[in-house]
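In the two assemblies presented below, chain A is common to both, partnered first by chain B and then by chain C.
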Partner chain A sequence: MTMAAANTIIDIEPAARMRTPNDSPLKIICLAPTLVWFGALFAVPLIALLWAGFWRVENYQTIITFSLENYEQVAANFFAKSRYGLALVQTFWVAITGGIFAVAFAYAVALAIVYAVPQRWQRLALLFAIAPFWSSYILRVYAWQTVLSKNGVVNSFLKMTGLDWARLDVIFTQTATRIGLVHYLAPILIVILYVTLTNIDRAVIEAARDLGSTRWQVFKKIILPLSGFGLTVAGSFAVIIGMGDALCGALLGGGAGQSIIGKVPLFASMLISDYASATNLPRTAALATILVLAMLLVMWASFAIGERVRKATAE
Partner chain B sequence: MTAATALPAPREPINRWKIAGIVWLAIGYVFLFIPLVVLVLFSFQANKFPALPLQGFSLRWYEKLWRDGTLIDALGHSMIVSPAAATIATILGFLAAYATTRFEFKGKSLLAAFLALPILIPPLILGVAFLGLLARVHLSGTLFSVFLTHVVLITAPAMVVIQLRLAQMPRSLEEAAWDLGATEWQTLRKVVLPFALPGILGGWLLAFTFSFDEFMIAWFVSGFDPTLPVAIYSVLVAMIDPSLNAIGTIVFAISAVALIGIELLLLPYVTEKNVEEE
Partner chain C sequence: MAVEPQSPYDLEIRNVSKRFGAATAVDDVSFKVGRGEFVAVMGPSGCGKTTLLRMMAGLEGMSAGRIYIRGRDVSAVPVNLRSTRLVWQNYALFPHLDVFGNIAFGLTLQPYDRPVVSGKVKRMAALVGLTEFLDRRVGQLSGGQKQRVGIARALVTEPEILLLDEPLSALDAHLRLRMQGELRRIQQQLGISFVYVTHNQIEAFSMADRVVVMNKGKIEQIDPPEIIYNFPKTRFVASFVGANNLFEGSVLSHDGAFTTVETREGRLSVLAGDTRPAIGEAVTVVVQADKLTRQPKGILGENTLKATLRGREYAGSQNIYLLDLPTGAEVKLVAQESMAVASRTALNAEVAVHFPAEAATIIGYHRRPPEAVADISEAAE
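This part shows the complex of A and B:
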C-alpha cells in the first residue's frame, strides 16, 4: 500500500526523485532469466502452435507457408471418414457428464469434511483426500485399467463371492473414461469446494438453526446458494481439464469407446493417435488449435454463468 | 472469516446427516485410494494378471523389472531430467519470487498470471506447441528437450512456495543489512537466501514431483530416450505386464518421500504467523 503511494509521488516529481529501495538493478536482474526462458520456450511455442496449423507437409517435409489445407481437410472429414466433428461432440458429452459426476462427488466429500468432521481433524481429512493427486497420473490410469478390466480386480472379486451377475463391463467404454476422469479431477475439485464451504459464515448457519430451520432447509437455502459460484468454478475447471485429457480416453476408453453418442473417440485421444500414426505436425497443430477454440468457448460460457450466479447470490 | 473459529463446537448430539457424511467420506476415500492400493498390492503378488484370488507374496515382478531393464533405464533418464529441471526452475523461481516480493512494478499481477499459465493450459496443447518449436530448431527428440520444456511447466509451483516463505520475512531484516553496509547483492546472498532456504527446498521438491510425473509433454518431445512415464505408456499400450506394478510402487515411494519432505520443510512455516503485516 505505502509502496504504491510512493510510486505515484515519483511519477509526479521525476526530477526531485530520490533513489528508493524500489529502484535497484536487482529488479531487472532477478526477473530477466525467467522472462527470457518463458519468452523463448513458452510464448514463442504458443504462437508457433497457431502458426503451424497453416503449414503443409509435402514428401515428408514440413513447408512453412500459409495454407488452409489442414483446416480444409479437417472440415471435409468433419462427419465423414475421420469424423473430427463427432469426436468433438463426444468430447463435449464425456467432459460435461464426467465433470458433473466429478463435481457432485467432490462437493459431497467437501461437505462431509467441513460439516461432519470435527474442526481439528479437518486439515488432515483434506490432506488425505488430495494425497492421490500427488501420485503419477499415468500409473493411476494403469491401475484403473487393472481394476476395471474384464477379468480385473472388481470382476474377479465378484466372481469369487458368487456375485457374477453383477459384473462390471465398463472397460473400453466412455464410462470407464469418466471413472478415470472423476478420479483425476476429484482432489483438485475437493480443494476448490472446501475453500468455498469454509468461507461460508458459520454464524449464518447457526442463526438459521436457532430460528428453527431443519438441516435440509439450511443446506437448500444457505449452503447451496452460497456455494453456487464455487460450484461453477469447479464445474468449468472440470470440463476444461476433461476436454484436454487424452490418457483416460485412450487407455480406459480404449480409443473409440462406446457411449450414447456411439463408438467415437475423444478429440484429444484422436489427436494423439493421429500424431502417433502420421507424425503430421501441421495437421496436429490445426487440431490442437480447434481444441483450444472449443475450450475457450467453454470458458466464455462458464464466465457468463459464473457472473449470473454471482449476481443471483449478491441479491 | 474468524467468526467460524470463535464459535463453540456444534452442540447437538449425533445426527443422521453427520453419519451420512462420514459414511460418504469413507466411500470417497476408498474410491480415491483403490487404484493406489491395488497397484502396490499386486506388485508383491505372484499373479500374472492383477485379479483375485491372491496367489501369495512374490518379488518376481521386481526381478523381471530389473532383468528387462527398459523401465529401469527410463527411471534413470527421469532421475537426470527431473532434478535438473527442478534445479533450474527453482533458481528462476527464487529470483522471480524475490523480485515480486520486494519490488513494486507495473504489470505484476499480469506477470504472475503469465508464469502460471503453463500449469493451466492442458499439457496436450503445450506438448504440440513445444514440439512445433523444438522440431524447427532441431532440439526435439532428446532428454534435453524434455528438460527445456519441463522448466517452463514447473517454475510457477516452485516460485509460489518460495513466495510464501519470503512473505514471512520482515522487511526490516534486509534494511538492517543495508544499513550495516552490505550491498544489495550481499544481502540477497547472505540474508534473504538463508531465510528462504526451507521454501527453496520445498519448492524444489514440488517442482521435482511435477516433472517426475509429467507424461504428455514428455511424450511429444522425448524421442528414443523416454522418461519413465513415457516408457510406462509404451509398455502399457502393448501388453499387460505386472512389472508395471513394481515400477509403479517404486515411483509412488519416490513421490511419497518427496511429499513428506515438503510437509516437514514447510508445515512449520505455513502455520507460523505472517510477520509482514503492519
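This part shows the complex of A and C:
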C-alpha cells in the first residue's frame, strides 16, 4: 500500500466521524430540560443551603458573610446540651437497622414473586407488591399511627379477642419509625431486587439443581451471591432515604422516640424543630449540611462496597 | 458381581410424552441407550428433542411414560438426585465462581474432603485441557473454554449418563470440529453414555454410534449414522438428512432385481430392496445429490432427466449444482471436481442428469447391510 492511500484513509475517517448525531445542536436542545430541571431543583437549592450555613445572625438580622461561627457552635454543643451527636448516632442506628429490615422484607417478596409466582402472573404480582407506592406518603404514615397507637386498630383487636397481654406498645418509639420506614421503602426496594433476580439466568439455577443442589443450596450458593450487588444498592438506598426522612420519626417516633440508644430524636427531626424555632436559619443550614455530608459518606461507602461485590460476582 | 439385577442399558425411555396445554412436545417416544453408547438425538427446532433431554435430566416432568437409568425407574426422582448431568448450549456457568469453583461445584454439595475434591478437579481439568485456566474467571474464557468447563463440571461428578444440549452450536465452525473430536475422545476414555441433542447432522453423524431422528415430537428413525444417511426410513428423514433428491410416484412393475416407478419426472428404475412395494403403491424414490452425474445432452437413457442449471455453489473440492426439472421440481447435484469445471456450464443451460439404478432407493423398502439388522431389531424391541 502506498503512503498516499494510507493518508487518504486517515483523512477520511475522522471527517466522517465528526458529524455523528452526538455532536449536533439537537443534543443540547434535548438535554436542556434536564439541565434546567437538575439545576433549578437540585444544584441551586443545594448551593444555597451550603452557602447559608456560613451566614450569621446578629440581633435577629441575617448577615450574609463567610463565617464558621455556626459550625463552631454546633461542634461545641455536639455532645453537650443539644445532643446533635447523639441524634446523628440515632439516625445512623435507625436508618441502618430499618434498612436491614426493609431489604430483608423486600428481598423475601421479590424472591416469592420471581420464583414462586408463575411467569404470566409475575407482573401482576409485582404491581400489587408496589401498589402502596401510589398512595400518599403522609397518608400512609397517619394510617400506621392509627394502626399502632395505644388504642389503635391492633390493640383494639387484641382487646376484643382477649389477647390483651400481647398488646403493642410501639407507638412513639423508634420501632414505630422503622415500621413506617419499611413500608415506605418496600415498593422501591422490591423493584430493585425484582430486577436483580430476573437478571439471574434461569439456566444457571437449573445447572446448579442438575449438579445436585437442593433448593436451599441453590439459594445459598447461587441466588444469594448473584443478588449481592442488588442487595448493596437496595441497602444503601434504604439507609440514605432513611437518614433523610423526618416524617416517620416525627409522627410514629413521636419526635424523640425510644430506642436502644435512648429517647433521642433523629437528626432530621432535630433539624425540623430547629427550623421551627426559626431564630437562626443559618445554623439550621449548617446542621443540614452536616446531614448531607453524612449521607455522602454512606453513599461513598456503599459505592465502594457495591463495586467490590459487583466485581466479585460478575463474570 | 453386583447383587442388583443389572440392566444392559444405561438409559431406557418408555412411551414418554410431554404435553404443554394443548400442544404435544414429545409424543410417545421410546428408545434405549446401551452401555457406553453415544446417541445423538437430531431434529429441526421445535421437534421436542430438548424437551426430551430435559425430561431425562429431571428438569421437566413427564405427562406419560417412564424413564429407567441402568434398570432403576427414575421417573419420580427429582433433578438433584438423578445420576444424569446436563451440558448446556449457552454453558450456564456460575459467573461468580472461577473455573476451579465451577468444576468443583457438584462435589461441594455434600460434606467433602478438600484435597480429594481438588485432586478430582485437577484430573478432570487435565482431561478437558483446562489445567492452566483453573484460577481464571469465567468471563475471561473463550466460548470453547467455557464449554470445556461445562463438560468438566458435569463429568467430575461421575454421572451415569451425560446429556448434552446442542453444546457446540455457540462455537465457530473450526472450534466445533475440534470439540467434536475431543468429545468423542472423552466419551470413549470414560466409557460413559452420551445423549447428544443437536440439529446439526454433521455433529450427529461424526460422533454418534446411533442417531435418533425426531420430528414433531415423534421418532422417525433410530439407526447408525451410515444407515440413516444411505437408507432414510421415512420421507421426513430423507428430506432432513443429507442432500437428497426425492421423486414421488407409483410402482409400475417389478423386473428381476429392479423396480420401475412412474413419477411426474419420468420412469425411474430402482434396484429393489429386501422387501418390495406392491404394484401401484405410492412411493418416494430417494437419490443422494452426490450420486447424480451430468450427462452429455441428447442421450436420454435410463434414469436420465433433462434439467436447467439454475445455480452453482463452490465448496472447495466439490461443486454443488441446483437444477430445475421441466416439471418445476428442484434437484441438487454434488460433484467432486475443481471449481474450474463448474464454470464451463453456463447458468440456465440445458443439461441432463443421470443416476444409476443401484444408487436409488425407495423409502421404506431398503437393502440393509447385515450388521445393521441386529441394531434395528434391538431398537424396535
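Keep this in mind: the second predicted complex is superposed on the first by the 270 of 315 C-alpha atoms of A that agree within 3 Å, B and C clash if a C-alpha of one lies under 4 Å from a C-alpha of the other, contacts with A are read in each partner's own complex, and residues count from 1 in each chain.
Everything that follows uses one rule, which is that a contact is a pair of C-beta atoms (placed from the backbone, for glycine too) under 8 Å apart; a residue touches a chain by one contact, two chains touch by 3 or more.
The structure displayed is predicted, hence computed values, not measured ones.
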When the two structures are laid over each other on chain A, do chain B and chain C clash or fit? fit
A:217 in the overlay: touching chain B, chain C, both, or neither? Say first, second, both or neither. second
Is A:102 touching anything from chain B or chain C once the two structures are fitted on A? First, second, both or neither. neither
Tell me the contact category for A:312 with respect to chain B and chain C: first, second, both or neither. second
Would you mind checking which one, chain B or chain C, touches more residues on chain A? B
So in the superposed three-chain picture, is A:201 touching just chain B, just chain C, both, or none of them (first/second/both/neither)? both
For A:118, is the partner it touches chain B (first), chain C (second), both, or none of the two (neither)? first
Using the touch definition from the top, say if A:226 reaches chain B (first), chain C (second), both or neither. second
Would you check which partner chain A:185 touches, where first means chain B only, second means chain C only, and both and neither mean what they say? neither
Return first, second, both or neither, reflecting whether A:272 touches chain B, chain C, both chains, or no partner chain. first
Report for A:160: first if it touches chain B alone, second if chain C alone, otherwise both or neither. first
Closest Cα approach, chain C to chain B, once both complexes are overlaid on chain A (Å): 5
Residues of chain A that lie at the interface with chain B and also at the interface with chain C: 201, 203, 206
For chain A, which residues count as touching chain C in their complex? 201, 203-204, 206-214, 217, 221-222, 225-226, 228, 312-315
List of chain A residues in touch with chain B within their complex: 3-4, 6-7, 21-22, 24, 26-27, 29-31, 33-34, 37-38, 41-42, 44-46, 48-49, 52, 62, 105, 108-109, 111-113, 115-119, 125, 128-129, 131-132, 134-140, 142-147, 151-153, 155-157, 160, 183, 186-187, 198-199, 201-203, 206, 215, 240-241, 243-247, 250-251, 268, 271-272, 275, 281, 284-285, 288, 291-292, 295
Mind listing the chain B positions that touch chain A in their complex? 1, 3-5, 7, 9, 15, 17-18, 20-22, 24-25, 28-29, 31-36, 38-39, 42, 49-53, 91-93, 95-96, 98-99, 102-105, 111, 114-115, 117-118, 122-126, 128-136, 148-149, 151-152, 155, 174-175, 178, 184-185, 188, 209, 212-213, 215-216, 219-220, 229, 232-233, 236-237, 240, 244-245, 248, 251-252, 255, 259
Provide the residue numbers of chain C that touch chain A in the complex, in ascending order. 57-59, 79-81, 84-86, 88, 90, 92-96, 105-106, 109-110, 137-139, 153-154, 157
